[in-house]
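Okay, got some structures for you below.
Both complexes below contain subunit A, partnered by subunit B and then by subunit C.
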Partner chain A sequence: MRFLRIAKFDFENILRNPTLLFSNTVMPLILIGLMGFVTQSFFGSGNMSSYDYYGVSMITLSALLIIMTATNAFMEERVKRANIRMIYAPIPKAEIYLSKILSTYILGTLSFSIILMIGQYLFHINYGGGNLPYILLLVNMLVLFGSCFGTMMCCVMGDEEKASSISQLPVLFFSAFGGIFFSVYGLGKTVAAISNLSPVKWILECAFRIIYDNDFALLLPVTFSLFGASIACVIVCQLTFKPEDFTC
Partner chain B sequence: MDTIVSVNNLEKSYQSKKAVAGISFSIQKGEILGLLGPNGAGKSTTINILATVLSPDNGEVQILGYDLIREAKSIKKRIGIVPQDIAIFEEITAEQNVRFFVGLYGFKGSKLNELVQEALDLVGLYDKKDDKPKTFSGGMKRRLNIACAIAHRPKLIIMDEPTVGIDPQSRNHILESIKVLRQRGATIIYSTHYMEEVETISDRIMIMNEGRIIAVGKKEELIQNIRNEITYTFEIDSSNQLDERQISQIVGVTNVQLYGKDLTITSKKSKDTLNGIVSTLLDNGCSFEKMTSKEASLETVFLDLTGRRLRD
Partner chain C sequence: MLNLIRNRFLRIPDKMHIMIIAVVVMPLFIGAAIFFSGHFTNVYKVAFISDHAISFPKSKSIQIDKINERPATSSLAMGKYNAFVEVNKDGEFKVTTLKGESDKKAIQTFFEGGKLPENNKTEQRGIGTNILGFVLMLALMQGVALTTFYPEDRNNSTFKRILTSPVNSRQYLAAQGIFTFICLYVPTFIAIAITKICFGVEIGFGLGNLAVLLVILASLATAFSLFMASIMDRNISLGTSGISIITCILAGCFFNFTGNIKVLDVLCNILPQKAFMILIQAVENGRAFQEFAGQLTYTVTWVFALWLVGSVVTNRRIKKGVY
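Up next, the complex of A and B:
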């Protein structure tokens, strides 16, 4: 009960931060609209429009960027200073970081689910029609992984600024090699092989197969991989989170 | 009298530096212990260990009869920490702040309401309960910082510089609140850089330097040890020519500090020593416009023991 109260409070804290709120609600829609508009001539008249492609890839990028929301929700200067009282209170240290993961995850999962539904039913972006729930599942698993990863980076670094700076590297790597902005197949076999390391690539591949081929072969491996990676991040949180970092 | 805090041979190091070097002390129920020391003396490390946030390398600590290592949760329930930084949420009301933090201690319902009102009342912010701290002055934020720490009625309250950078009115309010808390049965550890605060509210004073306790006792007892000392302050006009070592070598001089034009010398009360100081200054080409003398005080005790001023 107390844990849920802390998570609710953390969730409200994120809502009180206009930057975080904007980047998780309006920003994905702007990205989809902008990229779709700029690149529409490259897509011709096939059954995938630029809006369909960037509808999936920009949502994936935005979901990955939840990492930044997680680091902010945990250790942004103002929040961190007030959170010191949780360190002094008789609550297990796991509740402190788990509440940040849960609150970030709830925000991401609510926000991106709504955006996906708006995209499909209002803007007619192809998210698979009846297969939309599977796309929702994929994106939500990525949000879970991003929430856990961002929180883990804070636990390891002990500082929001360092955690955010360093987290940008994997985000950039995963996005660039995952084909968020352009296809990496044209860049040679080596780059294509490296791109297989990016979870973004797995998600895009899996999503496009579900949407256009009704092929679910990748769904379970991708969701379980992301879930496993999320669990691994939580374990690292438990091992590395030092409450005294809050007192510095 | 009940012992609330018992510390025995406490040690804590960071890499090779000993932050706390085998200190032992105890605090009795209802006592206000003033904790003094220059920066890096080990005060904050000691406070963080007592707050169960840091683990000691060595030593035994018992708080309210509970062992610091084995029964940290029982200790946390019964202590309140006022951190040096203002640890409140600026975007929610004063009442919501206290309510959230006291809720972490398991209180709810009417008991929670009662505790929130009591804490806000104590620090004089009840009429501002619906205002957000971002509209508060520095002093009001400090008072809210205290309310959040004491609302669960802790038996031991540890305050780490709770009055930094605030107006005299808020400072007085805070000092009065501390006295009320003591009357209600709380034991208080009060760390500060302000000597006059310690003199006003503390029953005993503990001075730390370089990780060690270098003096502990009542104010009068500490001053008694150096009652034969006097502190002279000269306002000199040519400090660049002054060799402090020459003055240190005068028989009876125990401490020399030069800050800009202010030369502070602590020495034994002796006519010869004063004559020696004056003639050395004149021999060094230092004329002085003003000289004051001060009998032993807590400030001179501190200077005498640490060789530094408190705010160095």
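Up next, the complex of A and C:
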């Protein structure tokens, strides 16, 4: 009960922050629309339009960027003060960071599921038609991982600004090498081989295989890896989170 | 004011991560981007699906993999192949691609006649323009991280204390601006210059032109970050990144596009990045700066406008007693 109350407060805190709300609701749609519009001429009238491609890749990117929301929900100046009170209270420290993970995750799941459904049914972006639930699951896991990773970075760095600026780098790096912005195969065989190391590439490939080939071979490995990575992040949180650092 | 600038530099160790990102990681990113953009090939990767051995003339701009079975459609989506070509019973080639109509025709022509039609590709933008477009976006996003001392001073009430000394807010902003500008300009210039000189990557500009263009670019990023740091209270970095990405795509920093929507066209033309992109493209094509005085003035006007608005907002808040 107490934990849920903390999580509810954290959730409301995110809702009260217009920038966070905007970046998790309207921003992905704007990105899809813009990238799709700008690259329209590169795609033909085949069964995948520019909107279909960037619909998948920009959702992946936005879902990963929920890391920023997580770091913000955890250690923004205003939230920090409330955290200090909780540290004084007889509450296990796990409840403090788990509530941030839960609130970010709930927000992310809700908004990205709605975005995917709006995309498919209102804007006719191809998210797999009847296979949409699987894409929902994939994005859901991605959001969970992002929430855990962002919170972990906060625990490790102990500072919101550091955590968010540093965690942006691997996201950008893996996205660029995972084919979010352009196809890596255009850079030759070596780079294409390197891109296999990027988790983002596998997420994209998994999504495209589900949507265009009805091929679910990658779904379980990818979702389980994301889930495993999330648990690993939570463990690191427990090990590195030092509430006493807050008080100074 | 000199003291203020010195103070910024003295506080660098406190923000080591930001400096490392700005001075080490970003230049590496830029270097990698330049390096790879030189390798970006416009080769069609075609999967030829046939049981029979048919040989085709070799061409530099088309690469054919012969396979027996049709690969997954998702390999088209991922860009592993640009097209599938199949032969039907009548011996006709059927091209399946996600690319545009002209590309489809080009591939079809190659398989039928053994030659790609000449000039089938639309005119490409120079490497230099693409690179500076990318750098512009990075600079706009990085600028606000380098301006972090200003919001921090406000939050800690240091700003209030500074204002009780014989320094006014305009001087404070100027000092912060100079710091941001230096930290943006120097690493970026060095990164591009090193990749050009040491790795011999052709970037389309001479070092002189590059130096001048980067001054404009870094000033724009500096003014924008001061503006954003002045008008926003929290989530400055997130807000700035969002605005930078959207406006840079719209201004054609990555893809040159022509839209058919009037409102959007007008909107794009208002953006300072658009004027800057026109300018660098012209310079890369060997035109003189003077010919594009209009674009130059327009960009500089934006720099001053952003600076001015940021300064006015700060002043008004000081008078209201917000800080």
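The rule we apply is simple: the second predicted complex is superposed on the first by the 248 of 248 C-alpha atoms of A that agree within 3 Å, B and C clash if a C-alpha of one lies under 4 Å from a C-alpha of the other, contacts with A are read in each partner's own complex, and residues count from 1 in each chain.
What we mean here is this: contacts are C-beta pairs under 8 Å (C-beta built on N, C-alpha and C of every residue); 3 or more make two chains touch, one makes a residue touch a chain.
Keep in mind it's a predicted model, so treat the numbers as computed, not measured.
Enquirer: Does subunit B (first) or subunit C (second) touch A:E161, or do both, or does neither?
Expert: second
Enquirer: Quick one: is A:I84 in contact with subunit B, with subunit C, with both, or with neither? Answer first, second, both or neither.
Expert: In the superposed model, A:I84 contacts subunit B only, not subunit C.
Enquirer: Once the shared chain is lined up, is A:L20 touching subunit B (first), subunit C (second), both, or neither of them?
Expert: The answer is second: A:L20 touches subunit C but not subunit B.
Enquirer: Between subunit B and subunit C, pick out the one touching the greater number of residues of subunit A.
Expert: C
Enquirer: By the touch definition at the top of the document, which applies to A:F9: first (subunit B), second (subunit C), both, or neither?
Expert: first
Enquirer: Does subunit B (first) or subunit C (second) touch A:F208, or do both, or does neither?
Expert: Second partner only.
Enquirer: Hey, what residues of subunit A end up touching subunit B and subunit C alike?
Expert: In the superposed arrangement, which is not itself an observed complex, subunit A uses residues 78 for both subunit B and subunit C.
Enquirer: What does subunit C use to touch subunit A in their complex?
Expert: Going by the criterion above, the answer is residues 17-18, 21, 25, 29, 36, 39-42, 45, 72-74, 76-80, 96-101, 103-104, 145, 148, 155, 234-235, 237-239, 242, 245-246, 249-250, 252, 254-255, 257, 259, 264.
Enquirer: Under the definition above, what is the set of subunit A residues touching subunit B in their complex?
Expert: Against subunit B, the touching part of subunit A is residues 2, 5-6, 9, 13, 16, 78-79, 81-91, 243-244, 246-247.
Enquirer: Please give the residue numbers of subunit B that touch subunit A in the complex, ascending.
Expert: 44, 48, 51-54, 73, 76-77, 79-81, 83, 85-92, 100-101, 103-106, 148-149
Enquirer: Any idea which subunit A residues touch subunit C in the complex?
Expert: 17, 19-20, 22-23, 27, 30-31, 34-35, 37-48, 53, 68, 72, 76-78, 161-162, 164-166, 169, 172, 179, 181-188, 191-192, 204-205, 208-209, 211-213, 215
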